[in-house]
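I have a structure I would like to understand better, so I am pasting it below and will then ask my questions one at a time.
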Amino acid sequence: MTETTATFRPPRNQWWDVWDQFKTHKGALVGLTIFVIIIAGILIGPWLWDMAPTYVDLRARNKGFSMAHPLGTDQLGRDILARMMAGGKVSLSVGLTAMGLAIFLGTTIGVLAGYFRRLEGPLMRMTDLFLALPLLPLLLLMVTLFREPLSKSFGPEGGIFLLIVTAIGATSWMQTARIVRGEVLALKEREFVLAARSIGTPAHRMVLRHILPNVMSPIMVSATLGIASAIITESALSFLGLGFPPDFPTWGRLLFDAVDQIQLYPMRVVLPGVAISLTVLSVNYIGDGLRDALDPRIRGR
Amino acid sequence: MFQFTLRRLLIAIPTLLIISLVIFLLLEAAPGDPLGDVPLTVPPEVKAKMRTALGLDAAWYVRYFLWLKQMFWVEPMHLVDTLFGTHLAEGMQRVISFQSRQPVMDIIAERIPQTLMVVGSAYLVGVLIAVPIGILSAYRQYSWFDNLGTFISMVGFSVPTFFTGVVLIILFAVKLKWFPSVYDTTLKVTDWASFTAQLRQMVMPVTVLALYNAAQISRFMRSSMLDNLGQDYVRTARAKGLTEKVVVLVHVLRNSLIPVVTVIALGVPQIFGGAIITEQVFKVNGLGQQLILSIHANDLPMVMSLTFIFATLIVLFNLIADLLYGILDPRIRYD
Amino acid sequence: MKLKTALLGAAATLMVAPAAFAERGSDGDVKILYAQAVSTMNAYLSSGTKDIEVGSLVLEPLAGFNEKGEVIPRLVTEIPSVENGGISEDMKSITWHIKPGMKWSDGTPFTANDPVFTANYCMDPAGGCAQLARYEGIEKVEALDDLTVKITFKEPKPNPFMAFVGATSPILQAAQFANCTGANASTCTEENFKPIGTGPFRVTEFRTNDTVMLEANPNYRDPAKPAFATALVKGGGDATAAARAVMETGEFDYAWNTQISPELQAELAAAGKGQFVNAFGTLVERIEMNMTDPSPDLPEGERSTAKHPHPILSDLRVRKALSMAIDRQILVDIGYGEAGRPTCNLVPAPEMFASPNTDCLTQDVEGAKALLDEAGWTDSDGDGIRDKDGKKLRLVYQTSVNAIRQDFQSIIKQWWNDIGVEVELKTVDPSVFFGGDAGSPDTIQKFYADVEMYANNFDGTDPEPYLAQYTCEKAPNPDNQWQGENINRFCDPAYDEKVKELGATGDMTERSTLAKRMNEMLTKDSYVVVPLVDRGRLSAHSNSLGGVILNTWDSELWNASDWYRIK
């Protein structure tokens, strides 16, 4: 397409093509913008608004929007803007990392089980086992065993972060694994796989080059949904005493704490709710755009 | 196919035994105590006696084998007894809940109706609206319908049920007074009036759950449809002069169903597991609420039996999903 | 004040009630909502308050407590006393006289054999009776004749109103439970779910952990009661939803234990469909100070044991300073509203045992700072946290997961930060925290934290067993599988002496002086227990339900036979 430039520049990195295609996707661009704004708000916001999210001000309880507290204060007079920013940092990092872990585990296990017949039995029975395990006792056991050793070696916050991310990741990969395996089973019998195999493509390249790109779209959907459930699960964990210290805000917990008082202080429910939904929506559109951009059939058009 | 099914069913037996052992060990190792709910006012000596009375003094493997015996020997015999009026299991100890001292299976039987009624119909409604929405969204990608569907399903999935449930209660029970906020499990449908009462009390919990389920399934449906719509065989089918309806609803749909079937098959056992939060919010008191109560009370026989039945269903429905793959795509072969 | 007028009002309406509605079953159906669902009707197999209370609709003790904590007769002619000869001079026996003509709900007569059977049922070593403490120290229970029961104690019993008194010790029908003693107790499902009782109602349908349906007992002793023909007790949900179902939607008549935030209380009360009732008992939310070192660096088995005194909290001045930094009134305003009041006592009631101890009620931040200075804790490096000999003044503060407790943690952390103490908060799942599992590091008994917060109370009106928990030998440690009741490991030989003295004292005035003194030794003398809030019971009932009198000494449904529909 760009023949004039191609004559004096080395071949373009294919990621530029991906980006070009991505740019044409309106939803993806809007999603990316919103996502960047949320990230910026969370990372840069605390520099501009340096009120401590855990500071209790008993004289300023249940205040509405004001100059001193742009988003008001909660039942203990803590600044909601500061809490939203601090909460976003935790929720997003937990959500993204835990989702990443779950998707990685799920995809690996799903592809291995689908592609290699000998691994299928053991891996899928393990998936059944994980699906059947009762979550709550499992999580409680994890805290009992690992809370102290982890906080000793990674510091209290690092340790808890690691624990939460592992707990969520290790208990939510099964659906992805089953979906990916189902798709791989079907893909494996397609002509292009047969063709690739007949020219002697080694297994690892088969998987990475031919199988994986073709199961991207269910993985993308799982990832988008995974972020939402990881954010909510994190808040559920804190009710087990498994999460971060209780005065540490997260979006999920802000939402849960405010639900009872929804009629009195509706904004307290709306803010974290909108934040979670916006994040998930923007990730969803980014995912859509990425999937289109990564698909060479669409990119060529 | 038949041989495959038979083999999988045979493998399922050791699998389930191992799963039950792992669950048992997990419950043993997890912190918590069946006497945790006993108030602090009860002296430790009394607690020790209560512990002995529950049989907690025995070693774990003794208790595990006792449970196995009760679950696979006494309970089936008891079932035969109740069905045919025999007396095989007379005098034999059934699986008894620590919390209520009632046979676990009786509690489960008591709760299955409301769980199936609420969670089951919510799942059905969810699937029934999700599949058409997913198809249409993919077919008309980026149309206003697709965008609206994406928006609603993403919001529906990212807003937790503890929130939607409370919102619905405040709106429809407190303000408008259309539906009751408390589910009446003792209601028996005998006439038109009780039938409408049953419908009215089901509306809110079913809506909350259906929204959540539909959101998830419709996303998988849409993405899988999109993948297939761009395939060569679709062009071929159209070139052959097939009607658009046949192309989309027969060829593309059938090939797009694999991930959707997986998700649905994974979801069906969850119906049996109940919907913990929704059941709690609307006080449906089904299996989900029983499971969470029992876990909190460390009612080991109850948790063990519920989870085991749940595991059986998971293994069964995953097998069904595998069989369906073979039907949807005959190229998939298991041998 | 408000409570008192509410109670007076209720009492006044109650007095006219029997005249106005003198017919059993004339008022239709009453619907009661328990946020925790009922698991069994037999109080001896469960220690859950919900089970005991709902069970009290059917099963009755010989005598109960009224809302003032006084013993009142239910199935007996009078309350035994030394004066009327019911209690022997040496305090070693008590004799109950059953009212003639009492009947079980199946129509058979109630005889002295039933209480005797009940005592043996609970004292059976294989039965695992949850209320065994009510039968402690009993040598024998015998029926002198059809209507007379005599309990003989092994040692003089200053408070003999334990067995057969209150909802935790109801009478079972000997005929029905004959085959349910000992190891068979748990197999009697039908009996445990549908016991035959003497109370105002009997069970028609029992759905485990869900719903109990009841109808008026046709053989109830007062032919005009209960006013309701049927009753339904539904379980499930949470306190907020329960309060909403009574106060906003009006679907239920009575909601049990609706402990919600003061703002929400006000909002729901404004809906005008019902009202909250509250009453105070002995439940005190408190902070316990660990007297032993919980440091994770110590070898397992030595953490939080008497081997290592706490490096910071062993100093009385530090403990006192931590208490002085707290403003209890603010805690009440934020967490409990009408249903709480600030307290400095471990034993806040009954009145005769409550010490006039109020010094902790005013917050004194400056005083607290001065005390810490005096104790040698100063901020030498200017980082806002006090230190001494290179060690930071840093505490781990743990409690169970509960919205109000987490608010308290945040506020108290702030106050302690203000006096230069760094605080790390920790929360534990309630079933683990209160579970007492020796394998878990997070139980109240293990106390692997510096301070912990929870609430506790005592059963009935006598604080002796409660105060006796704080003796040296009752400290949890690996040797007793961490099962002791002396949570904070307080150990003072002088206190142990007082416990012995209290056990041997029969005179009520002397008992009251002793108990008050012991309460002060634990609180204002030593600050090992830092009481915060005297927590009342808060329940809700609809405006159309009359006769409700909240009682914290007995079952909340203690006078359900007097409830009626206001028309």
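Order of writing sets the chain letters: A, B and C. Residues in each chain are counted from 1.
One rule holds in what follows: a residue touches a chain if its C-beta (ideal position, glycine included) is under 8 Å from a C-beta of that chain, and two chains touch if they have at least 3 such contacts.
What you are looking at is a predicted structure, and each value in this text was computed from that prediction instead of being measured.
Should one ask which of A-B and A-C has more C-beta pairs in contact, the pair is A-B. Greatest centre-to-centre distance from chain C is found for A, with centres as Cα means.
Chain centres here are Cα means. That of chain B falls 38 Å from that of chain C.
Here the CA centre of chain A is 25 Å from the CA centre of chain B.
For the pair chain A and chain C, the distance between mean C-alpha positions equals 45 Å. The set of chain B residues touching two or more other chains comprises 31-32, 295. Within chain C, contacts with two or more other chains are made by residues 429, 432, 439-440, 442. With touch defined as above, residues shared between interfaces to two or more other chains in chain A number as follows: 140, 144, 260, 263.
Residue ranges of chain C in contact with chain A, taken from their complex: 240, 260-261, 263-264, 267, 296, 330, 334, 400-401, 403, 406-407, 409-411, 413-414, 424-429, 432-433, 439-442.
Residue ranges of chain C in contact with chain B, taken from their complex: 33, 37, 39-40, 45-49, 125-130, 132-133, 136, 183, 185-189, 192-193, 205, 207-211, 213, 232, 234-238, 241, 244-245, 248-249, 251-252, 429-432, 434-437, 439-440, 442, 456-459, 465-466, 480, 483-485. Residues of chain B that touch chain A in their complex: 11, 15, 18-19, 22-23, 26-27, 29-32, 142, 147, 150-151, 154-155, 157-160, 162-163, 166-167, 170, 216, 219-220, 223-224, 226-227, 230, 258-259, 261-263, 266, 269, 291-292, 295, 303, 307, 310-311, 314-315, 318, 321, 325, 329, 331-333.
Per the touch definition, chain A reaches chain B in the complex via residues 27, 121, 124-125, 127-129, 131-134, 136-138, 140-141, 144, 174-175, 178-179, 182-183, 185-186, 189-190, 217-218, 220-221, 224-225, 228-229, 231-232, 235, 252, 255-256, 259-260, 262-263, 269, 273, 276-277, 279-281, 284-285, 291, 295, 297-298. In the complex of the two chains, the chain A residues touching chain C come out as 54-56, 58, 61-62, 75-76, 78, 140, 143-144, 148, 152, 156, 238-242, 245-247, 257, 260-261, 263-264.
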